[in-house]
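Both complexes below contain chain A, partnered by chain B and then by chain C.
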Partner chain A sequence: MNNEKKHRHPIRYDPDEKFEISILWKILLFLGPFMAGILLFTIYPFINAFLMSFKENYSILRDTFSGWGLGNYRKVLNDPIFVSGLKTTVKYVVIVVPISLALSIVIAVLLNNAKRFKAILQTAYFMPLVTSTAAISLVFRFIFANEGGLVNKIITTLGQSQINFLGTNKWSEIVLYIFGIWNILPFTIILLLAGLQNIDPQYYTAARADGAKTFDIFTNITVPLLSPTIALVAIVNSISAFKIFDYVFQLYNKPGPGYNLYTIIYYIYEKFGGTKPQYGYAAAASIVLFFIIAVFTLLQRVLQRKTDY
Partner chain B sequence: MEVRIEDLVKRFGDVVAVNHVNATFESGKLIALLGPSGCGKSTMLNMLSGILPVSEGRIYFDDQDVTSLSPDKREVGLVFQNYALYPHMTVLQNICFPLKIKRIPKKERIERAKEYARMVHIDDYLDRLPKELSGGQQQRVAIARALVKEPKLLLLDEPLSNLDAKLRVEMREEIRRIQRESGVTTVFVTHDQEEATSISDYIMLMKLGVMQQFAATRNLYNDPANLFVADFIGNPTINQLHGIYEEGSIRADGFAKAIPIGNYKIEDGTRIVFASRPESVLVSKKSGETEMEVEETYISGKDTLCVLNAGDGFLRAYVDNEDAPEEKTAVRVSFRKKGVFVFSEESGERYYE
Partner chain C sequence: MKNTSDKLKDFFQYLTLFTGAAIMFLPFFWMINSSFKTEKELLSFQSFFPKELLFDNFRQAWEMGDFLKYFGNSVFVTVVCVALTMFVTILAAYGFSKLRFPGRDLIFTVLVSMMMIPYEMLMLTNYETIRHLHLFGKIWSLIVPFTSSIFYTYILRNFFLSVPDSLYQSARIDGASDWQYLWEVMVPMAKPSLVTIALLDAITCWNSFMWTMLMSSGNRNIRTLPFGLTAFTSEAGVHYNLWMAGATIVVIPMIILFLFCRKSIITGVSRGGLKG
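And then the complex of A and B:
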């Protein structure tokens, strides 16, 4: 009898003890610090920003505002600077996410099949992940520098004229994309590799028996069976790409050489600081970004349900 | 298509999974590859399909040497133990897949896929995903997928082992029907001797990578090449008495009297195993060469199974219910000519009269 109870409730080893209360305490003890952190640094600021976005002429120092309303949103959405920031951000997402994803899929599949150089390759693709992006951005600045930069050296050796990579709008944008793709690859590859490990090798055997060659197997078996992971990675990468700011800052110390890489977060950042802060605008812009990201998150849910075999 | 394997060997490191096997599979026949777990059946099948390279030996399809051909060039259809249906494709897409790989136009491949879906009675489920099918239905899809490319050789690796007993019997008859209908040479792997004997034309029995016997199914039962074959085939298993051969009799271990078994080409004093099918043991109250005691009796249907005490060993025999002897009484026992074999105890080799 006693034994049976023990089995059914492995935590409640003594049925007479007032376990409900003691367990509640344990739960609070373990989860408490984490929950406090979330409450303090995520939920509270979020609610605050949400409220702030509806407060007109809000001043953080005096904590005063002239009234509730949609004024901030109207201003932000009609602000050509915000709209161009949104465009720059969306362009970044649309370029960096698919390219990095395609590259990662190919690299992950190759890595998954590589037997000989696995150890070396593993270190290679882990490198950017464990190196700080600040350090990598420094290296990038060296590589693309005007005088003595690696790429320009190669170009001039080939007899072409030097390119101002970091100082022109067109090229600074491309350098940013390369930098973004470079940084996102390792994490993406690792997730995709995990997904590849989950594919039962019998499907490859079956496909080979059905006459499929390597490329047919890749397109007809590997990619579809990997699609849940691909969907997940695409969404996660998109979300983080929408928040692009640090890469731009680390490469150029400003929103690109000609203010051409001005992103949404840059807008929020500027409206929040500077000489004439406009907190309400910053809050409204954050909430707009939040909704864009929320839509992507929902999309991920739908996609994952669709690809759940 | 006729399949000929010559001196086939497969090694995995030190393990010899298939050891110098020679055989010819006649065109249009159903051949069962039978043997206990780990004896190399799957290895053999995978070498026939081209998934596994051979270590030694040759494989011929008709007169063509296919030993080094890749699976897609061999025109074989393969059904896996767990079917390996592509989980992201519907039934129709699964069956179409081999044709899609061959770049056959969409309209034609759908037509052909539907034809085979009808043949295996799965045409009502074309739009379902594999996870929405029962085990038996999945198996039919796997067979259709293997047949749709009109292979010259159909290979099935324990296709029934995931099914329940009733479905297993149903599906093996289905496989037989489909094989007859399509006329394709078929190799069917199983470790269940009853399954093998019930549907195959020929059986290849293997043990530890070595082919023990390859013969027409009936002959395997009636004319086993060695003790392993005699023991593996037949349910209930064959009776075995160990003892010493002496002038047409066996002195069974622990049994007082010599049991006459007929004259074999054996030196007196050799240790032998005397094997007899239960239906070849004749039990009667009066006539018979040897007296034995009935240890136990069990009624099974219209017959009674008698367990007869023969020293260290025992014999099982069937008697009509009306003629069943009492337990612990003496009966007289003799043996039919058919279904009685003598083997060397040491090597298991068969001795002939």
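And then the complex of A and C:
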């Protein structure tokens, strides 16, 4: 009787009323698929990477190890290949992130002011967002090639001697930087544009009323007000630059012409995907990477909280 | 009326912008331009533009590279992966925003902090997990590990949280279940967020490289376009005309997508850009 009444007058429905069984069933229905995926492919492998990194003489095939210890870390951190990989990666970050930021700031400010040709400019600047780097890397290889390469054609036409861009250590590194910058520019410009649009236009109106020059407005208003966004983008880009692997592989099919472009991820990749898998080393190297990225992420969180972005 | 110095400023502004745009666009232009040239024409630089529009490169690349298969795989992986991810994400975002149970927000905070884990760290174990699940060398190995995304759930949950609970109460009064309320009320309202998520996920799936390379080492039949193209270049040898034709085949679908959804892609990237 009472139940029936409730049905007829559902206006008294209270969502907290019947917690118990129905809510458990709902949790399973709504969160089950998601949590299954997260547990199996994120949480378990995360914990397992830590465990593996402390297993001495770990063999994945037989699933055996001789004991727990820091052997893998000792080996990895003393491995000249890993250390040079770390250096190459840091150098890549230190070169590509600031240059792409500087270029992006200029382009974003100009794009923000531009009233005409918006569609055509956006198309040119932002198309690399969707196109696979595997395809564009081939174009870069062709443009910088010795035979029939556009850049070398221009150089020789100007009377200079041809440069072996893809076959020498020095130049292959520079081509990688150019490719990296070209790839990251669109993303960087878009985030900076979003930051620019958050600046109150009153600042500009006031500055112009005071007769400020364009360049002074840029250095005294735009850049300081944009600096929280700049800092955030720098961190986000650094994180992605630390994970560089695809570009190197796609440009050279190996870690550079003289094995000069070994990166941290390349090391991890070769230690577990190669012919002689050494999972312990790969795990230890991946945890070094994890801590580098964790530091940057915490920095980002602090900044984001401060600026309320 | 603009004075001369303003006009000059405008001129230099657009000059800089178009120079930059030309540099950004150059690889695309050079790729398409070269894909119509013969190899001889390419290497000799006789003319800037192709003498005639040769489709022979495309035919050769298409036949040598097995691109039809790679293309089919790419479409399958992208469509299935995006569909499954959306489904899982919608359910999870609802669960973490509208269901009430103890510890809900704490669990979600812990999950959000896990977004900083680089995928390369998880890859070691996932590689083995895929083997244990007997998925190695099968196309599902490119999909299964990626259907639960904390980041997309985070975006969608933020939107769901902004929907007032009074709407929920009135839907319940009308006799709707949670399931109906989610699909008939919340999902239609969340369309902008869902478009963002779908586009970001589609771009990621379509361009996924390293994992595809690892998974397809046992079976070339599951290669998708990006790694298929890289493999094609080592199998076909150095013939830039064929490379450029192959690259054009891979890039054109994405360019078409971009031309149609430029605005949503740009807003999507700017909203989704600062993950971490």
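Methods note: the second predicted complex is superposed on the first by the 264 of 309 C-alpha atoms of A that agree within 3 Å, B and C clash if a C-alpha of one lies under 4 Å from a C-alpha of the other, contacts with A are read in each partner's own complex, and residues count from 1 in each chain.
Following the convention adopted for this analysis, a residue touches a chain if its C-beta (ideal position, glycine included) is under 8 Å from a C-beta of that chain, and two chains touch if they have at least 3 such contacts.
Owing to the predicted nature of the structure, the values given are computational and were not obtained by experimental measurement.
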Should the superposition on chain A be reported as showing a clash between chain B and chain C, or a fit?
fit
Output check: A:131 vs chain B and chain C. Expected answer is one of first, second, both, neither. What do you get?
second
Is A:158 touching the first partner chain B, the second partner chain C, both, or neither of them?
neither
Looking at A:243, would you say it contacts chain B, chain C, both, or neither? Reply first, second, both or neither.
second
Per the contact definition in the header, classify A:287: touching chain B only (first), chain C only (second), both, or neither.
second
Chain B versus chain C as contact partner of A:203, first or second or both or neither:
first
Which superposed partner A:61 touches (first chain B, second chain C, both, neither)
neither
Quick one: the Cα-centre angle at chain A between chain B and chain C, nearest 10 degrees, please.
90
Mind working out whether A:300 is in touch with chain B, chain C, both or neither, as first, second, both or neither?
second
Give the label of whichever partner, chain B or chain C, reaches more residues of chain A.
C
Per-pair minimum CA distance [chain C against chain B, superposed on A] in Å
8
Chain A residues touched by both chain B and chain C?
309
Flag every residue of chain A that touches chain C in the complex, lowest number first.
10-11, 13, 15-16, 19, 23, 26-27, 29-31, 33-38, 40-46, 48-49, 52, 60, 103, 106-107, 110-111, 113-114, 116-117, 119-136, 138-143, 145, 147-148, 150, 153, 182, 185-187, 190-191, 193-194, 214, 232, 235-236, 239, 243, 245-246, 249-250, 253, 265, 268-269, 272-273, 279, 282-283, 286-287, 289-290, 293-294, 297, 300-301, 304, 309
In the complex, chain C residues that touch chain A
9, 13-14, 16-18, 20-22, 24-28, 30-31, 34, 42-45, 87-89, 91-92, 94-96, 99-101, 111, 114, 116-118, 120-129, 144-148, 150, 153, 168-169, 172-173, 175, 178-179, 203, 206-207, 209-210, 213-214, 217, 225-227, 229-230, 233-234, 240, 243-244, 246-248, 250-251, 254-255, 257-259, 262, 265-266, 269-270, 273-276
State the interface residues of chain A toward chain B in the complex, per the touch definition above.
200, 202-203, 205-213, 216, 220-221, 224-225, 227, 307, 309
Using the touch rule from the top, collect the residues of chain B that touch chain A in their complex.
49-51, 70-72, 76-78, 80, 82, 84, 86-88, 97-98, 100-102, 129, 131, 145, 149
